[in-house]
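Take a look at the structures listed below.
Shared chain: chain A. Partners: chain B in the first complex, chain C in the second.
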Partner chain A sequence: MGSPFASILESLTRQRGVRASLVVDQNDGIVVDSSLQIGQDGDRVAALAASLYRKARLSAGAARLGSASFMHLEAERGRICAAGRNDLVLVVVADPAANIGLIRVEMMKAVGALP
Partner chain B sequence: MPTPVPAHAFAPNDPRALFADLLGDHEQTALLLDDQGLVLAGIYLGEDGRDVGAEVGAELSGVTDAARRATRHLDIGNWRSIVLETEIAVVTLAPAVGDGLLLLAASKTTPLGLVRRVLDRCVERARHWLEAA
Partner chain C sequence: MSVTAVESWVEAPLRKFVEDARTVLALLLHPSGQVVAQSGFARAIDVMSACALAAAINASAGELGRQLDGRPFRGLHHAGRDRQLYLADAPTPRGSFIVLTVFDQESSLGLVRLYFEEFIRNLAAAAPTSPRPVEPVLEQHFEQDLNKNLATLFGRG
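Let's look at the complex of A and B:
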(Lines of atoms letter the chains of each structure in order from A and count residues from 1; the text may use other names and numbers.)
(Lines give C-alpha, C1' and ligand atoms only; values in the text may rest on other atoms or scores of the structure.)
Protein backbone atom coordinates (compact mmCIF):
# COMPACT_ATOMS: atom_id res chain seq x y z
CA MET A 1 0.00 0.00 0.00
CA GLY A 2 1.31 3.41 -0.88
CA SER A 3 -1.65 5.68 -0.25
CA PRO A 4 -1.79 8.36 2.47
CA PHE A 5 -4.05 6.01 4.42
CA ALA A 6 -1.73 2.99 4.38
CA SER A 7 -0.30 3.43 7.87
CA ILE A 8 -3.76 4.08 9.36
CA LEU A 9 -5.18 0.92 7.83
CA GLU A 10 -2.14 -1.15 8.75
CA SER A 11 -2.39 -0.14 12.41
CA LEU A 12 -6.03 -1.17 12.49
CA THR A 13 -5.58 -4.44 10.64
CA ARG A 14 -2.88 -5.43 13.13
CA GLN A 15 -5.51 -5.55 15.89
CA ARG A 16 -6.62 -9.04 16.86
CA GLY A 17 -9.83 -10.13 15.16
CA VAL A 18 -9.94 -7.37 12.54
CA ARG A 19 -11.03 -8.75 9.16
CA ALA A 20 -11.10 -5.55 7.18
CA SER A 21 -10.34 -1.88 7.55
CA LEU A 22 -11.33 0.67 4.98
CA VAL A 23 -11.43 4.38 4.28
CA VAL A 24 -14.72 5.09 2.54
CA ASP A 25 -16.31 8.13 0.94
CA GLN A 26 -19.28 8.81 3.19
CA ASN A 27 -21.45 10.25 0.45
CA ASP A 28 -21.28 7.52 -2.15
CA GLY A 29 -19.95 4.53 -0.19
CA ILE A 30 -16.99 4.04 -2.52
CA VAL A 31 -13.71 2.63 -1.23
CA VAL A 32 -10.87 5.16 -1.01
CA ASP A 33 -8.39 2.62 0.38
CA SER A 34 -8.62 -0.70 2.17
CA SER A 35 -6.78 -3.49 3.93
CA LEU A 36 -8.76 -6.71 3.63
CA GLN A 37 -8.34 -10.30 4.66
CA ILE A 38 -8.92 -12.91 1.99
CA GLY A 39 -12.62 -13.42 1.35
CA GLN A 40 -13.74 -9.92 2.33
CA ASP A 41 -15.65 -7.99 -0.33
CA GLY A 42 -14.40 -4.45 0.14
CA ASP A 43 -16.95 -2.78 -2.12
CA ARG A 44 -19.86 -4.43 -0.34
CA VAL A 45 -18.50 -3.67 3.13
CA ALA A 46 -17.85 -0.07 2.18
CA ALA A 47 -21.28 0.57 0.72
CA LEU A 48 -23.20 -1.03 3.57
CA ALA A 49 -21.10 0.40 6.39
CA ALA A 50 -21.12 3.90 4.94
CA SER A 51 -24.88 3.72 4.48
CA LEU A 52 -25.38 2.57 8.07
CA TYR A 53 -23.07 5.24 9.46
CA ARG A 54 -24.71 7.96 7.39
CA LYS A 55 -28.17 6.90 8.57
CA ALA A 56 -27.02 6.82 12.21
CA ARG A 57 -25.37 10.22 11.90
CA LEU A 58 -28.43 11.83 10.30
CA SER A 59 -30.78 10.24 12.82
CA ALA A 60 -28.68 11.44 15.75
CA GLY A 61 -28.69 14.93 14.29
CA ALA A 62 -32.44 14.87 13.76
CA ALA A 63 -32.90 13.70 17.36
CA ARG A 64 -30.80 16.70 18.48
CA LEU A 65 -28.08 14.52 19.93
CA GLY A 66 -25.31 16.31 18.09
CA SER A 67 -23.00 14.93 15.46
CA ALA A 68 -21.97 11.29 15.70
CA SER A 69 -18.31 10.50 16.27
CA PHE A 70 -18.29 6.70 16.54
CA MET A 71 -20.66 3.85 15.80
CA HIS A 72 -20.37 0.21 16.74
CA LEU A 73 -22.76 -2.50 15.59
CA GLU A 74 -22.52 -5.90 17.24
CA ALA A 75 -24.01 -8.92 15.49
CA GLU A 76 -23.98 -12.67 16.11
CA ARG A 77 -20.96 -13.33 13.91
CA GLY A 78 -19.20 -10.02 13.59
CA ARG A 79 -18.89 -6.34 14.39
CA ILE A 80 -18.91 -3.19 12.29
CA CYS A 81 -17.26 -0.04 13.61
CA ALA A 82 -17.29 3.33 11.88
CA ALA A 83 -15.89 6.75 12.68
CA GLY A 84 -16.10 9.74 10.39
CA ARG A 85 -14.32 12.96 9.68
CA ASN A 86 -15.43 15.40 7.00
CA ASP A 87 -16.56 13.26 4.06
CA LEU A 88 -14.52 10.19 4.95
CA VAL A 89 -15.50 7.23 7.12
CA LEU A 90 -13.07 4.82 8.68
CA VAL A 91 -14.68 1.37 8.77
CA VAL A 92 -13.54 -1.76 10.60
CA VAL A 93 -15.14 -5.19 10.37
CA ALA A 94 -14.07 -7.54 13.14
CA ASP A 95 -14.77 -10.90 14.72
CA PRO A 96 -17.17 -11.12 17.67
CA ALA A 97 -14.25 -11.91 19.99
CA ALA A 98 -12.21 -8.87 18.96
CA ASN A 99 -11.24 -6.36 21.67
CA ILE A 100 -13.64 -3.58 20.82
CA GLY A 101 -12.18 -1.23 23.40
CA LEU A 102 -8.78 -1.38 21.75
CA ILE A 103 -10.20 -1.09 18.26
CA ARG A 104 -12.22 1.95 19.31
CA VAL A 105 -9.16 3.68 20.75
CA GLU A 106 -7.15 3.00 17.60
CA MET A 107 -9.99 4.21 15.38
CA MET A 108 -10.47 7.43 17.35
CA LYS A 109 -6.73 8.11 17.04
CA ALA A 110 -6.74 7.23 13.36
CA VAL A 111 -9.79 9.29 12.44
CA GLY A 112 -8.01 12.38 13.72
CA ALA A 113 -5.34 11.78 11.09
CA LEU A 114 -7.82 11.71 8.22
CA PRO A 115 -7.66 14.81 6.01
CA MET B 1 -28.17 15.16 27.10
CA PRO B 2 -30.98 13.12 28.71
CA THR B 3 -32.37 14.41 31.99
CA PRO B 4 -32.85 11.78 34.72
CA VAL B 5 -36.33 11.31 36.21
CA PRO B 6 -36.55 9.91 39.76
CA ALA B 7 -38.67 6.76 40.15
CA HIS B 8 -40.83 8.41 42.82
CA ALA B 9 -42.03 10.96 40.27
CA PHE B 10 -44.39 8.39 38.76
CA ALA B 11 -47.55 6.63 39.87
CA PRO B 12 -47.27 2.84 40.39
CA ASN B 13 -47.43 0.87 37.12
CA ASP B 14 -46.87 3.99 35.04
CA PRO B 15 -45.12 2.64 31.91
CA ARG B 16 -42.94 5.74 31.84
CA ALA B 17 -41.32 4.45 35.04
CA LEU B 18 -40.52 0.99 33.68
CA PHE B 19 -36.75 1.53 33.76
CA ALA B 20 -36.49 4.23 36.44
CA ASP B 21 -34.99 2.04 39.18
CA LEU B 22 -32.43 0.58 36.76
CA LEU B 23 -31.31 3.99 35.60
CA GLY B 24 -30.92 5.53 39.04
CA ASP B 25 -29.98 9.18 39.32
CA HIS B 26 -27.41 9.09 36.52
CA GLU B 27 -27.83 11.19 33.39
CA GLN B 28 -29.40 8.39 31.38
CA THR B 29 -32.81 7.42 30.14
CA ALA B 30 -34.44 4.51 28.33
CA LEU B 31 -37.29 3.99 25.91
CA LEU B 32 -39.05 0.86 24.71
CA LEU B 33 -40.33 1.33 21.18
CA ASP B 34 -42.64 -0.83 19.10
CA ASP B 35 -41.94 -1.96 15.55
CA GLN B 36 -43.28 1.38 14.25
CA GLY B 37 -40.92 3.45 16.40
CA LEU B 38 -43.72 4.44 18.82
CA VAL B 39 -42.99 4.67 22.53
CA LEU B 40 -44.37 1.81 24.63
CA ALA B 41 -42.61 2.59 27.90
CA GLY B 42 -39.97 4.82 29.37
CA ILE B 43 -39.46 8.55 29.09
CA TYR B 44 -36.89 10.83 27.50
CA LEU B 45 -36.72 14.33 28.90
CA GLY B 46 -34.80 16.89 26.93
CA GLU B 47 -32.74 19.65 28.48
CA ASP B 48 -35.84 21.87 28.63
CA GLY B 49 -37.70 19.22 30.66
CA ARG B 50 -40.04 18.31 27.80
CA ASP B 51 -40.67 14.65 26.96
CA VAL B 52 -39.04 14.22 23.55
CA GLY B 53 -39.27 10.42 23.55
CA ALA B 54 -41.57 10.28 20.54
CA GLU B 55 -39.24 12.39 18.40
CA VAL B 56 -36.03 10.67 19.49
CA GLY B 57 -37.59 7.22 19.13
CA ALA B 58 -38.97 7.92 15.68
CA GLU B 59 -35.67 9.30 14.40
CA LEU B 60 -33.40 6.59 15.80
CA SER B 61 -35.63 3.58 15.13
CA GLY B 62 -34.89 4.06 11.43
CA VAL B 63 -31.27 3.07 12.04
CA THR B 64 -32.35 -0.52 12.61
CA ASP B 65 -33.43 -0.96 8.98
CA ALA B 66 -29.95 -0.03 7.84
CA ALA B 67 -28.50 -2.36 10.48
CA ARG B 68 -30.60 -5.30 9.28
CA ARG B 69 -29.60 -4.65 5.68
CA ALA B 70 -25.91 -4.46 6.54
CA THR B 71 -25.83 -7.59 8.69
CA ARG B 72 -27.82 -9.59 6.14
CA HIS B 73 -25.60 -8.68 3.20
CA LEU B 74 -22.39 -9.14 5.19
CA ASP B 75 -23.66 -12.46 6.55
CA ILE B 76 -22.76 -11.73 10.17
CA GLY B 77 -26.05 -12.85 11.71
CA ASN B 78 -28.69 -10.82 13.51
CA TRP B 79 -27.67 -7.53 15.06
CA ARG B 80 -27.54 -7.43 18.85
CA SER B 81 -26.71 -3.85 19.66
CA ILE B 82 -25.71 -0.53 18.16
CA VAL B 83 -23.70 2.03 20.09
CA LEU B 84 -23.64 5.55 18.76
CA GLU B 85 -21.39 8.14 20.38
CA THR B 86 -22.37 11.72 19.67
CA GLU B 87 -21.15 15.12 20.84
CA ILE B 88 -23.43 15.06 23.88
CA ALA B 89 -24.56 11.49 24.49
CA VAL B 90 -23.97 7.80 24.10
CA VAL B 91 -27.00 6.14 22.52
CA THR B 92 -27.39 2.38 22.47
CA LEU B 93 -30.03 0.39 20.63
CA ALA B 94 -30.93 -3.26 21.10
CA PRO B 95 -33.71 -5.43 19.69
CA ALA B 96 -36.61 -6.13 22.04
CA VAL B 97 -39.17 -8.91 21.79
CA GLY B 98 -41.86 -8.57 19.15
CA ASP B 99 -39.69 -6.59 16.71
CA GLY B 100 -39.50 -3.82 19.28
CA LEU B 101 -36.49 -1.69 20.10
CA LEU B 102 -34.82 -0.67 23.34
CA LEU B 103 -33.09 2.71 23.31
CA LEU B 104 -30.80 3.82 26.11
CA ALA B 105 -29.23 7.26 26.10
CA ALA B 106 -26.60 8.31 28.59
CA SER B 107 -24.41 11.31 29.10
CA LYS B 108 -21.14 11.33 27.18
CA THR B 109 -19.26 10.92 30.46
CA THR B 110 -20.91 7.58 31.30
CA PRO B 111 -18.44 4.71 30.88
CA LEU B 112 -19.32 2.59 27.84
CA GLY B 113 -19.11 -0.64 29.80
CA LEU B 114 -21.68 0.66 32.29
CA VAL B 115 -23.98 1.75 29.47
CA ARG B 116 -23.82 -1.75 28.06
CA ARG B 117 -24.68 -3.36 31.40
CA VAL B 118 -27.63 -1.06 31.98
CA LEU B 119 -28.82 -1.75 28.43
CA ASP B 120 -28.81 -5.50 29.09
CA ARG B 121 -30.85 -4.99 32.26
CA CYS B 122 -33.34 -2.78 30.47
CA VAL B 123 -33.76 -5.33 27.68
CA GLU B 124 -34.51 -8.01 30.27
CA ARG B 125 -36.97 -5.73 32.09
CA ALA B 126 -38.73 -4.95 28.79
CA ARG B 127 -38.99 -8.64 27.96
CA HIS B 128 -40.69 -9.43 31.27
CA TRP B 129 -42.98 -6.42 30.96
CA LEU B 130 -44.08 -7.26 27.41
CA GLU B 131 -44.65 -10.91 28.26
CA ALA B 132 -46.83 -9.89 31.21
CA ALA B 133 -48.77 -7.28 29.24
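Let's look at the complex of A and C:
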Protein backbone atom coordinates (compact mmCIF):
# COMPACT_ATOMS: atom_id res chain seq x y z
CA MET A 1 0.00 0.00 0.00
CA GLY A 2 1.42 3.39 -0.96
CA SER A 3 1.89 6.17 1.56
CA PRO A 4 -0.94 8.75 1.71
CA PHE A 5 1.69 11.38 0.88
CA ALA A 6 3.06 9.70 -2.25
CA SER A 7 0.95 11.68 -4.73
CA ILE A 8 1.73 14.99 -2.97
CA LEU A 9 5.45 14.29 -3.08
CA GLU A 10 5.31 13.08 -6.69
CA SER A 11 3.62 16.29 -7.84
CA LEU A 12 6.36 18.35 -6.17
CA THR A 13 9.27 16.25 -7.39
CA ARG A 14 7.95 16.59 -10.95
CA GLN A 15 8.70 20.32 -10.85
CA ARG A 16 11.84 21.30 -12.73
CA GLY A 17 14.82 21.79 -10.44
CA VAL A 18 13.33 20.00 -7.41
CA ARG A 19 15.88 17.63 -5.88
CA ALA A 20 13.89 16.39 -2.92
CA SER A 21 10.50 16.72 -1.33
CA LEU A 22 9.67 15.50 2.13
CA VAL A 23 6.86 15.39 4.64
CA VAL A 24 8.41 15.94 8.05
CA ASP A 25 7.11 15.89 11.61
CA GLN A 26 7.48 19.50 12.70
CA ASN A 27 8.19 18.72 16.34
CA ASP A 28 10.53 15.76 15.94
CA GLY A 29 12.21 16.68 12.66
CA ILE A 30 11.76 13.08 11.54
CA VAL A 31 10.89 12.12 7.94
CA VAL A 32 7.33 10.85 7.53
CA ASP A 33 7.69 10.25 3.79
CA SER A 34 10.05 11.49 1.10
CA SER A 35 10.89 11.54 -2.56
CA LEU A 36 14.63 12.04 -2.95
CA GLN A 37 17.08 12.17 -5.80
CA ILE A 38 20.24 10.11 -5.43
CA GLY A 39 22.74 11.80 -3.14
CA GLN A 40 20.18 13.68 -1.03
CA ASP A 41 20.35 13.02 2.71
CA GLY A 42 16.69 13.05 3.73
CA ASP A 43 17.28 12.75 7.48
CA ARG A 44 19.65 15.72 7.52
CA VAL A 45 17.37 17.94 5.41
CA ALA A 46 14.33 16.95 7.48
CA ALA A 47 15.94 17.68 10.85
CA LEU A 48 17.40 21.03 9.80
CA ALA A 49 14.44 22.26 7.74
CA ALA A 50 11.91 21.36 10.45
CA SER A 51 14.03 23.19 13.01
CA LEU A 52 14.26 26.26 10.78
CA TYR A 53 10.55 26.22 10.04
CA ARG A 54 9.65 25.87 13.70
CA LYS A 55 11.90 28.79 14.61
CA ALA A 56 10.55 30.91 11.73
CA ARG A 57 7.02 30.23 12.93
CA LEU A 58 7.91 31.18 16.50
CA SER A 59 9.71 34.32 15.28
CA ALA A 60 6.72 35.38 13.20
CA GLY A 61 4.51 34.92 16.25
CA ALA A 62 6.91 36.83 18.52
CA ALA A 63 7.05 39.70 16.01
CA ARG A 64 3.25 39.75 15.94
CA LEU A 65 3.17 38.98 12.25
CA GLY A 66 0.65 36.19 12.62
CA SER A 67 1.21 32.62 11.62
CA ALA A 68 3.95 31.76 9.12
CA SER A 69 2.69 30.04 6.00
CA PHE A 70 5.76 29.67 3.82
CA MET A 71 9.51 29.76 4.43
CA HIS A 72 12.14 30.12 1.73
CA LEU A 73 15.88 29.85 2.30
CA GLU A 74 18.14 30.77 -0.60
CA ALA A 75 21.72 29.54 -0.45
CA GLU A 76 24.66 29.41 -2.83
CA ARG A 77 24.02 25.87 -3.99
CA GLY A 78 20.31 25.46 -3.50
CA ARG A 79 17.06 26.51 -1.96
CA ILE A 80 14.95 25.09 0.83
CA CYS A 81 11.23 25.80 0.97
CA ALA A 82 8.94 24.76 3.78
CA ALA A 83 5.24 25.09 4.43
CA GLY A 84 3.34 23.49 7.27
CA ARG A 85 -0.05 22.41 8.46
CA ASN A 86 -0.80 21.13 11.94
CA ASP A 87 2.23 19.08 13.00
CA LEU A 88 3.52 18.36 9.50
CA VAL A 89 5.89 20.36 7.33
CA LEU A 90 6.28 19.97 3.63
CA VAL A 91 9.92 20.56 2.65
CA VAL A 92 11.32 21.01 -0.84
CA VAL A 93 15.00 21.20 -1.76
CA ALA A 94 15.56 22.80 -5.16
CA ASP A 95 18.34 23.99 -7.46
CA PRO A 96 19.29 27.69 -7.30
CA ALA A 97 17.82 28.19 -10.78
CA ALA A 98 14.48 26.52 -10.02
CA ASN A 99 11.29 28.54 -10.55
CA ILE A 100 10.44 29.29 -6.94
CA GLY A 101 7.09 30.89 -7.78
CA LEU A 102 5.84 27.72 -9.40
CA ILE A 103 7.19 25.58 -6.58
CA ARG A 104 5.50 27.81 -4.02
CA VAL A 105 2.14 27.49 -5.78
CA GLU A 106 2.45 23.70 -5.89
CA MET A 107 3.53 23.58 -2.25
CA MET A 108 0.63 25.72 -1.03
CA LYS A 109 -1.77 23.46 -2.96
CA ALA A 110 -0.08 20.38 -1.47
CA VAL A 111 -0.17 21.74 2.08
CA GLY A 112 -3.95 21.99 1.79
CA ALA A 113 -4.01 18.25 1.18
CA LEU A 114 -2.05 17.42 4.31
CA PRO A 115 -4.15 15.96 7.13
CA MET B 1 26.98 25.23 28.27
CA SER B 2 29.85 23.93 30.37
CA VAL B 3 31.24 20.46 29.80
CA THR B 4 33.39 18.67 32.33
CA ALA B 5 35.19 15.42 31.62
CA VAL B 6 37.16 12.83 33.53
CA GLU B 7 38.99 11.86 30.34
CA SER B 8 40.05 15.02 28.50
CA TRP B 9 39.83 13.59 24.94
CA VAL B 10 36.02 13.41 25.16
CA GLU B 11 35.61 17.08 26.06
CA ALA B 12 35.86 18.72 22.62
CA PRO B 13 33.55 16.28 20.77
CA LEU B 14 30.99 16.42 23.58
CA ARG B 15 31.09 20.23 23.71
CA LYS B 16 30.45 20.43 19.96
CA PHE B 17 27.57 17.97 20.23
CA VAL B 18 25.98 19.84 23.13
CA GLU B 19 26.23 23.16 21.26
CA ASP B 20 25.05 21.84 17.90
CA ALA B 21 22.18 19.72 19.19
CA ARG B 22 21.22 22.31 21.85
CA THR B 23 20.87 19.73 24.58
CA VAL B 24 19.75 20.54 28.10
CA LEU B 25 21.76 17.73 29.68
CA ALA B 26 24.32 15.30 28.33
CA LEU B 27 26.12 12.44 29.99
CA LEU B 28 28.84 10.15 28.70
CA LEU B 29 29.38 7.03 30.74
CA HIS B 30 30.87 3.57 30.67
CA PRO B 31 28.36 0.73 30.31
CA SER B 32 29.16 -0.12 33.95
CA GLY B 33 27.64 3.23 35.01
CA GLN B 34 30.89 5.12 35.63
CA VAL B 35 30.62 8.73 34.52
CA VAL B 36 33.14 10.01 31.95
CA ALA B 37 31.79 13.47 31.10
CA GLN B 38 28.75 15.61 31.77
CA SER B 39 27.10 18.80 30.63
CA GLY B 40 24.29 20.70 32.30
CA PHE B 41 24.18 18.88 35.64
CA ALA B 42 24.52 21.01 38.77
CA ARG B 43 24.81 18.29 41.40
CA ALA B 44 26.93 15.17 41.69
CA ILE B 45 23.99 13.23 43.13
CA ASP B 46 21.97 13.84 39.93
CA VAL B 47 24.85 12.58 37.79
CA MET B 48 25.16 9.51 39.98
CA SER B 49 21.48 8.58 39.68
CA ALA B 50 21.33 9.42 35.97
CA CYS B 51 24.39 7.20 35.32
CA ALA B 52 22.92 4.30 37.26
CA LEU B 53 19.56 4.58 35.49
CA ALA B 54 21.10 5.06 32.03
CA ALA B 55 23.37 2.04 32.45
CA ALA B 56 20.45 -0.09 33.63
CA ILE B 57 18.16 1.06 30.80
CA ASN B 58 20.92 0.50 28.24
CA ALA B 59 21.58 -3.00 29.54
CA SER B 60 17.86 -3.88 29.47
CA ALA B 61 17.30 -2.38 26.01
CA GLY B 62 20.46 -4.09 24.74
CA GLU B 63 19.30 -7.47 25.94
CA LEU B 64 15.78 -6.92 24.64
CA GLY B 65 17.25 -6.04 21.24
CA ARG B 66 19.46 -9.14 21.28
CA GLN B 67 16.45 -11.32 22.01
CA LEU B 68 14.12 -9.69 19.50
CA ASP B 69 16.46 -8.62 16.74
CA GLY B 70 19.66 -10.61 17.33
CA ARG B 71 21.60 -7.47 18.26
CA PRO B 72 21.24 -4.61 20.74
CA PHE B 73 18.88 -1.77 19.81
CA ARG B 74 20.79 1.23 18.53
CA GLY B 75 19.02 4.11 20.23
CA LEU B 76 16.24 4.70 22.68
CA HIS B 77 13.94 7.73 22.72
CA HIS B 78 11.47 8.73 25.39
CA ALA B 79 9.29 11.81 24.99
CA GLY B 80 7.94 13.62 28.03
CA ARG B 81 5.69 16.67 28.16
CA ASP B 82 8.50 19.22 28.14
CA ARG B 83 11.67 17.19 27.92
CA GLN B 84 12.78 14.19 25.92
CA LEU B 85 15.71 11.84 26.20
CA TYR B 86 17.81 9.96 23.71
CA LEU B 87 20.03 7.14 24.92
CA ALA B 88 22.47 5.42 22.59
CA ASP B 89 25.80 3.63 22.36
CA ALA B 90 28.95 5.37 21.18
CA PRO B 91 31.56 2.84 20.06
CA THR B 92 35.19 4.05 20.03
CA PRO B 93 38.64 2.41 19.81
CA ARG B 94 38.79 3.05 23.56
CA GLY B 95 35.72 0.89 24.13
CA SER B 96 32.00 1.47 23.99
CA PHE B 97 30.32 4.29 25.88
CA ILE B 98 26.71 5.23 26.59
CA VAL B 99 25.43 8.71 25.84
CA LEU B 100 22.37 10.09 27.58
CA THR B 101 20.99 13.26 26.01
CA VAL B 102 18.12 15.32 27.37
CA PHE B 103 16.60 18.03 25.20
CA ASP B 104 13.55 20.29 25.12
CA GLN B 105 11.64 22.32 22.51
CA GLU B 106 14.83 24.17 21.55
CA SER B 107 15.90 20.99 19.76
CA SER B 108 14.23 17.93 18.26
CA LEU B 109 14.81 14.20 17.98
CA GLY B 110 15.82 14.66 14.36
CA LEU B 111 18.48 17.24 15.25
CA VAL B 112 19.78 15.21 18.19
CA ARG B 113 20.08 12.06 16.04
CA LEU B 114 21.70 14.04 13.24
CA TYR B 115 24.38 15.55 15.47
CA PHE B 116 24.76 12.33 17.46
CA GLU B 117 26.01 10.57 14.32
CA GLU B 118 28.59 13.32 13.90
CA PHE B 119 29.46 13.14 17.59
CA ILE B 120 30.24 9.42 17.55
CA ARG B 121 32.48 9.95 14.51
CA ASN B 122 34.31 12.79 16.29
CA LEU B 123 34.55 10.80 19.51
CA ALA B 124 35.97 7.77 17.72
CA ALA B 125 38.49 10.00 15.93
CA ALA B 126 39.56 11.67 19.19
CA ALA B 127 39.86 8.42 21.15
CA PRO B 128 43.36 7.26 22.10
CA THR B 129 44.20 4.17 20.07
CA SER B 130 45.30 2.11 23.05
CA PRO B 131 42.32 0.32 24.56
CA ARG B 132 41.46 1.12 28.13
CA PRO B 133 42.69 -1.62 30.47
CA VAL B 134 39.65 -3.69 31.32
CA GLU B 135 39.34 -4.27 35.02
CA PRO B 136 36.62 -6.25 36.71
CA VAL B 137 33.89 -4.01 38.09
CA LEU B 138 34.01 -4.70 41.80
CA GLU B 139 31.78 -3.09 44.35
CA GLN B 140 34.62 -1.47 46.33
CA HIS B 141 36.38 -0.17 43.16
CA PHE B 142 33.11 1.01 41.67
CA GLU B 143 32.23 3.32 44.51
CA GLN B 144 35.79 4.57 44.82
CA ASP B 145 36.03 5.28 41.06
CA LEU B 146 32.59 6.84 40.98
CA ASN B 147 33.42 9.22 43.81
CA LYS B 148 36.75 10.08 42.19
CA ASN B 149 35.07 10.83 38.84
CA LEU B 150 32.31 12.89 40.43
CA ALA B 151 34.91 14.86 42.39
CA THR B 152 36.78 15.56 39.14
CA LEU B 153 33.61 16.67 37.34
CA PHE B 154 32.36 18.91 40.12
CA GLY B 155 35.69 20.41 41.14
CA ARG B 156 36.26 18.66 44.41
CA GLY B 157 39.16 16.47 43.23
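We adopt the following convention: the second predicted complex is superposed on the first by the 114 of 115 C-alpha atoms of A that agree within 3 Å, B and C clash if a C-alpha of one lies under 4 Å from a C-alpha of the other, contacts with A are read in each partner's own complex, and residues count from 1 in each chain.
To be clear about the criterion, a residue touches a chain if its C-beta (ideal position, glycine included) is under 8 Å from a C-beta of that chain, and two chains touch if they have at least 3 such contacts.
Fair warning: this is a prediction, and the values are worked out from it, not measured in the lab.
Chemist: Based on the superposition on chain A, does the combination of chain B and chain C result in a clash or a fit?
Modeler: Chain B/chain C on chain A - fit side by side.
Chemist: Check the residue A:Ala63 against both partner chains and state whether it touches chain B (first), chain C (second), both, or neither.
Modeler: The first partner, chain B, only.
Chemist: Which partner, once the models are overlaid, touches more of chain A's residues, chain C or chain B?
Modeler: The partner making contact with more of chain A's residues is B.
Chemist: According to the stated criteria, A:Gly29 is in contact with first (chain B), second (chain C), both, or neither; which is it?
Modeler: second
Chemist: Examine A:Arg44 and indicate which partner it touches, taking first as chain B and second as chain C; both and neither are also allowed.
Modeler: The answer is both, since A:Arg44 touches chain B and chain C.
Chemist: For the combined overlay, can you note the least CA distance between chain B and chain C, rounded to whole Å?
Modeler: Closest C-alpha pair between chain B and chain C: 9 Å.
Chemist: Identify the residues of chain A that lie in both the chain B contact region and the chain C contact region.
Modeler: Shared contact residues on chain A: 44, 48, 51.
Chemist: If you look only at chain A, which of its residues touch chain C in the complex?
Modeler: Chain A residues touching chain C: 24-25, 27-30, 43-44, 46-48, 50-51, 54.
Chemist: Under the touch definition given earlier, write down the residues of chain A that touch chain B in their complex.
Modeler: That would be residues 44-45, 48-49, 51-52, 55-56, 59-60, 62-80, 93, 101 of chain A.
Chemist: Taking the touch rule as given, give the residues of chain C at its contact with chain A in the complex, in rising order.
Modeler: Counting only chain C, the residues touching chain A are 107-111, 113-114.
Chemist: Considering the complex alone, what residue numbers of chain B touch chain A?
Modeler: 46, 52, 55-56, 59-60, 62-63, 65-67, 69-71, 73-89, 91, 105, 112
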